[in-house]
Structure formats: structure tokens, C-alpha cells
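Have a look at the structure that comes next, please.
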Amino acid sequence: MILPEIRRKSLREKLQKKQLVTAMEAHSGLSASIVEHTKTKDNPEGYGAIWMSSLTESSSKGYPDSEYLNINSRYDTLVEILNNSTKPIIYDADTGSFEEHFILTVKKLEMLGVSAVVIEDKKGLKQNSLLGSSPKQQAEDINVFSSKIKAGKAAQKSSDFMIVARIESLILGAGQEDATKRANAYIAAGADAILIHSKSETIDEVEKFILDYRKINSEIPIVIVPSTYDEMTNDKAKQIGANIVIYANQLLRASFTAMSKMATDILEQGSSHKLTDKVATCKDIIKLRN
Amino acid sequence: MILPEIRRKSLREKLQKKQLVTAMEAHSGLSASIVEHTKTKDNPEGYGAIWMSSLTESSSKGYPDSEYLNINSRYDTLVEILNNSTKPIIYDADTGSFEEHFILTVKKLEMLGVSAVVIEDKKGLKQNSLLGSSPKQQAEDINVFSSKIKAGKAAQKSSDFMIVARIESLILGAGQEDATKRANAYIAAGADAILIHSKSETIDEVEKFILDYRKINSEIPIVIVPSTYDEMTNDKAKQIGANIVIYANQLLRASFTAMSKMATDILEQGSSHKLTDKVATCKDIIKLRN
Amino acid sequence: MILPEIRRKSLREKLQKKQLVTAMEAHSGLSASIVEHTKTKDNPEGYGAIWMSSLTESSSKGYPDSEYLNINSRYDTLVEILNNSTKPIIYDADTGSFEEHFILTVKKLEMLGVSAVVIEDKKGLKQNSLLGSSPKQQAEDINVFSSKIKAGKAAQKSSDFMIVARIESLILGAGQEDATKRANAYIAAGADAILIHSKSETIDEVEKFILDYRKINSEIPIVIVPSTYDEMTNDKAKQIGANIVIYANQLLRASFTAMSKMATDILEQGSSHKLTDKVATCKDIIKLRN
Amino acid sequence: MILPEIRRKSLREKLQKKQLVTAMEAHSGLSASIVEHTKTKDNPEGYGAIWMSSLTESSSKGYPDSEYLNINSRYDTLVEILNNSTKPIIYDADTGSFEEHFILTVKKLEMLGVSAVVIEDKKGLKQNSLLGSSPKQQAEDINVFSSKIKAGKAAQKSSDFMIVARIESLILGAGQEDATKRANAYIAAGADAILIHSKSETIDEVEKFILDYRKINSEIPIVIVPSTYDEMTNDKAKQIGANIVIYANQLLRASFTAMSKMATDILEQGSSHKLTDKVATCKDIIKLRN
């Protein structure tokens, strides 16, 4: 744990140094602890930030990813993550809900030392964007969304906290032009960064958006989430002008597969004999924290 | 989810049918969902119960396993588990804390439809029994512990709810005789079952205890937790007279190892390319629940 | 505390006996405890139910009454109320949010032994109906609201749990006819009772609605909330055909005034000398629970 | 709400200015809001701090005051209080529990911007000190308690956060000498202030302690809680050398009495007619926050 005033500003500091920030998802104290301690020879500092995903958190808790859990019910998990890491936190707030609710969310996050909140420009019942655009999922009106950003910026007390506008134009099939128009509007409304989202299997549409947008605006931090277009590397991301790369759900998915296999194996074998030989002991897990 | 009045009595019903009940740990809605849905050809009913471990829950949340989290802070997780399963729940309440606190815990668990609570006969700051007996970890006085059991039994409103007395004699080096004396006392105080704990690497001391104790009492359900002595099979457990076998921490351990590897691999490679080919997709995870 | 299966059905049982049920609001364990224990010579059974108001709970917690707190963040308070009372609970769920969220809410409430949930037929950011209809507050489409009721009824597992449709037609100026049309539709969709809301200062519009509606439907339980039209007595309510009278916010208001006065008096006087002579001691408060 | 780094240090700043700090209890967002806004002509700044009492919070939630609720279950209430006030918070942590738990508590409180935590030198099941010393309530060993203070001080990250040692010697009948000895030990261990507790009906024993102790130590902030000895005024407190006066439970007591009366009156009268004429409206309550 570190003091909120130290942690809060640490994302801006990294961006100002023109570092590419890689953010790994966490959905629990334990996964945050893993992100905290993962280091390699070539990368002794490890990940640059933690992404507090609403998808992985709601899935980990066994809830639908439909914005059912808001900041109040995600509080305990956020505190777990704060307790188990020193890295900046980027918080996924879905649509941000009503403007009046978003204001309260911004105040709470900033108080706790979170560095950034991401809200997406959709309306109606939230559905995970990877599932495609169901009939219920529509783009939010640009003015309504811009007003929400403005209200959030007005509510924060420090200059450290960042509001990131996530643009769903490419997901909803509205095209590059719509994405650019929205980026301009959201930045004008005060957004500190934009996240261009895509469920393409190739890097092309994201690459095109960023290369084009950098001609308009060379400074605004741009965030990407290469879940489906996983050929995107950190180096490539940096080269085309992205500033933050979010690995949004990989830990949960690995965890799910490993737990399912273990549960099946023990049931089949009728004992755990030798099945845990290659997994961590409880001591290993406890030691990580210390 | 099922109604609490249906779930609560389902553990007793299984025990009355003389089935061996296998319980797998869960520490989140997702892990409960996995336990719920794990089935094999030979075992189409899957696990018989869910073990809500304080070790795996506190580790998953990134807290020490020192009884820092009590029923109030474990409530949300319990509700997640209830939401994602229909199986009976066995709740690990560490020492149960003070008698006055244990009464409140029993009332809450029973209300929610939990079938059983396990409390262990230690005192002082809780330390995980796998770590060995630190200087601070001592056996609780038999009378104090018996009184706690009695108070718990007096507090419950239904005849369905069970209190399981966990005996730490073998862990603390107090021997078989001490374990037997304590089993007798706790059953006399009203315990509905006993759990004989061991950190031996072989099945011998647990086997000896059960075989001997079955000469004294053929009816009381006996619970075992073969974490270290993993050569114990379900068949063997049934044969020597055990009634419930708890797989206490295997899912969390598998999860931890898989998450650590994924975090390291992505950091090393600088992308998630191909790294998720063999793990579940988000859709797979979401589908499980439906 | 009583078992959820006993508590859950107790509201239906009272209604079947043709008793008028008076419900007093509670927003905390302490206020629930007061409702539980308030009895008079003429009314030795006291209040018939507890109203878990979203207005008083959010106000007590210092949040706006804008549906910011959902069932997840109101859970702890609900459990406090369950712990401190044996009476049936009627839960105020505002609009119920999206249909998908309402289903989850119904399941949780039923599991905990709550007897009834009330949802109101408005949409958009919730605003307390006493504040008048702001531009943002609109009537929900009848079909959308009916579908929500149907989905809720399909989600419950027992036959005990009740869904109450709160009709805002009179509040929103849509008139008696609209209210009647909606009552018919909601009952057809499965509503177990209707709540006709009014912010009139006289009993006339509520009286007219009930008298007229009783000609159409003599059986459906009707709920009223005489906050502004406080000339309504329990006797009068029964006589015109109401079944449940909710005292929706009086305890919180009394509490607020008393706390404000005490805070001011101590500040003015520079001590608490004699200021607590006429208020309860801590012992009195603690004793109530025992 | 204010930033935690601003709030956290504000108690020390007031003490450094040699102001007497008066702290009023809060147990909810609403009561905190009342404390925040209470001002008089002679005292336009109002109260100097908020006391987050474990007695009033647990009573408000309908739990026994037996240290059943720890920081994790009191989190939501603390956040409510932070949301509704800008004043420094003094947190009542009962005994602080085990040293290992206290460390976690200190970290969380400091992170949230709380200014001070108070722990008392008792052991065993906590019982409210106003109820007298039951057989179970004993003084904690001086070395154990000093070690807890030391561990807490080592855990905090800023120099702003304060640990206040509450001395129960006078409550437990151990006398002035024991109190003095303990004050010396706790200050040596790092305590930033001491709280001398008393349940005497007169100011004599507290006055004597402070006057005597000021001869030994003129600097250490001294806290008093004039609940039973309510003839103590702020002026008198300052004159004898106290630095913080805590009004520990008056708001809850006023609230309880007012709610009980209202519940009884409505039940007796069979309506709320005219009963709310002298209490705040919901609008008044909502307005306070804005």
C-alpha cells in the first residue's frame, strides 16, 4: 500500500515521461498482488498499472457484466487491490451511469488514490462489447456523454485524477469518422485521454484510427485494449502512437481454465494425489504478499 | 440459487443417506460456479458440497489468514457463492471468535441457508495450521470450546443447521488421546460432527483416529481434509468411516499458478499473442453461469 | 431474528386474515429495533411490518435519493434490519432498475426472507416523488414495466414473495384513468399488490382511486403511503379498502431534528450538561435489543 | 468531501495552533452531515472534528458494542462520513484487536484520510466501559499494548496520522498511579496523544490526572470524553490542560429517543396527523447535503 496522494499522480507522471504504460487486469487482492510482483529480466519494473476491469470483477463474483455492480459494491475489491499493490489504478466504470452518479464515483475514486476512470459512450443495459452489439446496446448521444465528462472533471479536487473517454464507434459499426468526431468532442469536454475500442481480429482499424488521430492531436494520451487483435505488441503500440496498453482479462481467463481443470481432475480421480504437484502451495501464495 | 430452507437441510439429508460427501473449496462466485458445474461420466452429480474456506478467501482477497475477516466482511462472498450454486455450504469460521460473536455468526449463516459451520479449538491470533504451530498458537481450553459449541447450538432456530468441531490435537502435537477426549467433549456439548485435522504427509494418523473413534461412536459424522496426506482417496475415506472429505484449497492454488504464469508470459513476450489460445474465452466464462 | 421461510410468508398471512397492515420505516438496525418493540395498550402487537425505504436509507447514509444505492450496497442495512426484528419486511427498490437487474434483486430478497418488493413505474434518474416531477422524471412505458413485473415473478422460487407495483400516475399528473389502466396491466402481469402514490395534501384522490378500483377488483391488496395527506387514519384506510398503510419517513425525520438540536445545544452551551437528561442513556439503547 | 491528504493532517494542524478541539460523534452519513453544518453565532466554525464511535455505530446498526464490527465492516460507514464532512476524523478502534490486525487497520485509516485512531488498553471481549467492569474485562498488559502502539506507528506512511492511547485505569479501578505509569509507557512507545477515560459523575478524577500529568509532560495532547461527568465544559477542559473534548454518544441518544416517541405516537394515534409538524421535512434533510 502507498499513500493515495502518491499513487494518484503516478499515472500522469509515467505518461509525462513518454513511457508506454502496460496495464494488467486485476479482479481481487490476489491477482493485484501477482501483477505487483511480476517482473522479468528485461522488464524489471513489471507492469506499469493495474486495470480494474468490470468484466473480470463481475465474472469473478459470478455476476453478469451488466453494470449491476457499481462503485459501492466494488469498494471492497478496490481496497483489496490498493492493499496489495503500489501501482497506479485505472478503474473501469462502464458507462458511468447517470451524470449525478458519476460525480459521486469520481469523488470516491479520487479520494482512494485511483489515477484514472474509464467510461464508455454507450447507453442502456450494459452488455460486454465482445459479445457484439445486441439490439439494446446503443451509442450514447455525444452531448450527453460530453456533459458527463465535464461534470466528472468539475467534481474532482486534485489535478492528478484522469477521466478517460472510451469510444465504442468501431464496436458499434459507426466507423472511423464517428470515432474521430467523438474523440474531438470528449477532449473538448475535458477528457484527459481517450480509449479507442475494437473487437477486430486484426490491428488495422485501431492502427488507422491512431495514425489519423495523431495528425489532429499529438498530445492526448491514447489507450488501447488488444483482446481480440492480440497481434498488437507493446512495441507496435508505442510506434503507432498509443500510450497505454491494457491487458484486460487474461488473468481471469487463465484462472478459470486452471480451476475448471483441477475441479474435474479431482472429481475424476477421487483424490488430489499428485494433482497439486505442479501448482503453488499455500505457503507460496502467502509468501507473495510478504 | 435455491431457497435457504431447501439448501440448509440438504447436507443432513446427504449424510442420512450414508453418502460420502465430497466438498470442494470456493472463494468467489466464479469458483462456486465451477464447483457447481463440474461433473464427470462416473460422477454425474459432481461434488456434494462447497467448502467456504477462510484460507482461500482471505488469500484471494490478499489478506493474511489470521481471522481478520469475519462473517460481516465475508458476507458478500458468501452471497456470491449462494447465487452461483445449489449445493450445501460448509462455512469455515476459524476459531469462531468469542462465544458472543459466534452466536451472531450462527444466526447469520443459518438465515442464509448455510448447512454447517466449522470452528477449530485453538486460541490467540489464528495462524494457518499448515504453517506449523507457532508460539502464539495454542489449544483452546476444552470447557471454553465446549461452551462455545453449546451457545451456538442454543442460538440456531432450525434443526437443520450443523456445528462441526474441528480438533487440532494432531496438528499441535497433543496426540490421539487428546483428540479422542476432545471429540467426546465436543459431541457431548452438542457438536453435530467432528473434523479431525492433520498435517501429516501420510494417512496413518487420521486413519488410526477414525478407526479407533468408530469403536466409541459409530454415528457421529467425521470430516477430513486431505491436503497434505493426499494419498487419501474418497473410497479409502469412506471405507475407514469418514463421512465428508474436504478439498480445501486446490482451486485457489491452481488459479494462482495459472495467473502468475500468464502475467509473466505476457510481460516477457510484450503481447498476449497466442498466449490465450488454450484458455477459456470471456464468452465461455459468461456461458457457464447460464 | 427469525428464519427466512417463516418471515417471508408472514405478510401474505396477515393479508389473508384481512388485517390492515401498518408498516413503519426503518433505515438501520436501531430503527428496526424500535419498530419491533413499539407497542401500546390498545395495540399490543405493534406495527405489522417494516418498510425499508430507499429515501430514508439513502438519506441516513448521506447519499442522494437517486437510486444510487442498489441491493448490493443496501445489503448490510437489510441484514441489520433482519437481525433486529421478526416482522415482515417490505423493500423499496425504486424503479427496480433494468429488468435483468430486477431479477437478481428479487432472488436476493426472497432468499433473505423479505416478504415484498415495491417498484415504481418511472424511468430515468430517480428523483424523490415528494420533490415534484422534474423534467427528467417520466412515467415508464406500461409494457416495459409489466414485463419487469413478469420477469420478477418468474424469478422467484417460493409462492410467498410478493411484487408490489407502485403507480405514479397521480404524482405525475396523468390522472385517475391512467392509474386504473396501469393497475389493470400490472395485475395482469402478475403484481401481487398495487401501491397508489399521491403527494396531495388531502386524502381525496387516493380515496377516489381506491373506491373506484374496488368496484373492478375487490381482492388485490392496495397499499398507501400517507406522507403528505396525513389526515388519513388507519381506520379510514381500512374503511375505504386499503390493506397496507406505510409510514414512510417519520422516524428519520424525528431523528434528524433531534440530532440537529442536540448538536446545536452542545455547541452553544460548550458542554452537554443537563442536555441529555431527557434522552435515553446508552444502557437504555443497549437494553432494547436484549 | 476533501482530499485525504488535506483532511489527514488537519487534526495535527489544529492541535499545533493550541486550539481546543471539540469532537462530536457521528455514526452515519447523516449525523456527520449534521456535525459538519452545525454552527452558532459564537462558534461559526462549529465542531473541530468528528468522533467515529464504535459504540454509537454498533448501536445504530443494532449490534452489541463488543468489537464485533471491525474496520472492514465499518468501512461503508466511514466512507459515508468522509463523503458528508470536511472535518478531521478520530476513529474509535476499540482495543485494536491483535497487533497484526491493528497494523492493517492503521494502513486503511491513513489511506482514507482519517487523522487519528484511538485504541484502549483492555483485553478480552470488549464491553462498553459505561457498563462497568465485568469479570471478562481486564486491563491489557502494558508491554503488549505498548508493542501494539509501536507496530501501528511503524506501519503508517505519513507523519500526519496519530495513534491515541486510551487509558482505562480509572474505569477499571486501578488508580491514578497506574494511569500515569501507562501514559508514560504508551508515549514512550510512540503514542501521539493519550485519552484518559473516566466514568465518574464528577470531573475530579480526570482533572486530577491531567493537572498532575501536565507537570510531567506539558506537550502531549490529552483527550477527554465527558459523558458521565457532564459538568465539564470546554472552557474548563482547556483550562486544566486538555486538548480534545469528545462528545461521544449524544446524537445517537437524542435520535433514539425521538424515534421511539414518534413510533409510539403514530401507533397510538393511528395516523401521523400533526405529529410531524415540528420535525424536519424530507426536503430539509435533502437540502442539508447541498
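To keep things simple, chains are lettered A, B, C and D as they appear, and every chain counts its residues starting from 1.
The working rule: a contact is a pair of C-beta atoms (placed from the backbone, for glycine too) under 8 Å apart; a residue touches a chain by one contact, two chains touch by 3 or more.
Note that this is a predicted model, so its numbers are computed, not measured.
**Student:** In contact with chain A and with chain D at once: which chains are those? Just list them.
**Tutor:** Of all the chains present, those in contact with both chain A and chain D are B, C.
**Student:** When the Cα trace of chain A is superposed on that of chain B, what is the rotation angle, expressed as a multiple of 5 degrees?
**Tutor:** The best-fit rotation has an angle of 180 degrees.
**Student:** What whole-Å value do you get for the distance between chain A and chain B if each is reduced to the mean of its CA atoms?
**Tutor:** 34
**Student:** Calculate how many whole Å lie between the centre of chain B and the centre of chain C, each centre taken as the average of the chain's C-alpha atoms.
**Tutor:** Chain B and chain C have C-alpha centres separated by 39 Å.
**Student:** Residues of chain D touching 2+ other chains?
**Tutor:** 63-64, 72-73, 76, 83, 104, in rising order.
**Student:** Over in the complex, which chain A residues touch chain B? Could you list them?
**Tutor:** Contacts found on chain A: 22, 24, 28-35, 38-40, 42-43, 46-47, 55, 59-65, 73, 76, 80-81, 83-84, 128, 130-131, 226-227, 230-235, 247, 249-264, 266-276, 278-286, 289.
**Student:** Okay, in this complex, where on chain B does chain D touch?
**Tutor:** Of all residues in chain B, those touching chain D are 63-64, 66, 68-70, 72-73, 98, 100-101, 104, 125.
**Student:** Name, in rising order, each residue of chain D that touches chain A in their complex.
**Tutor:** Of all residues in chain D, those touching chain A are 1-5, 72, 75-76, 79, 82-83, 104, 107-108, 110-113, 157-158.
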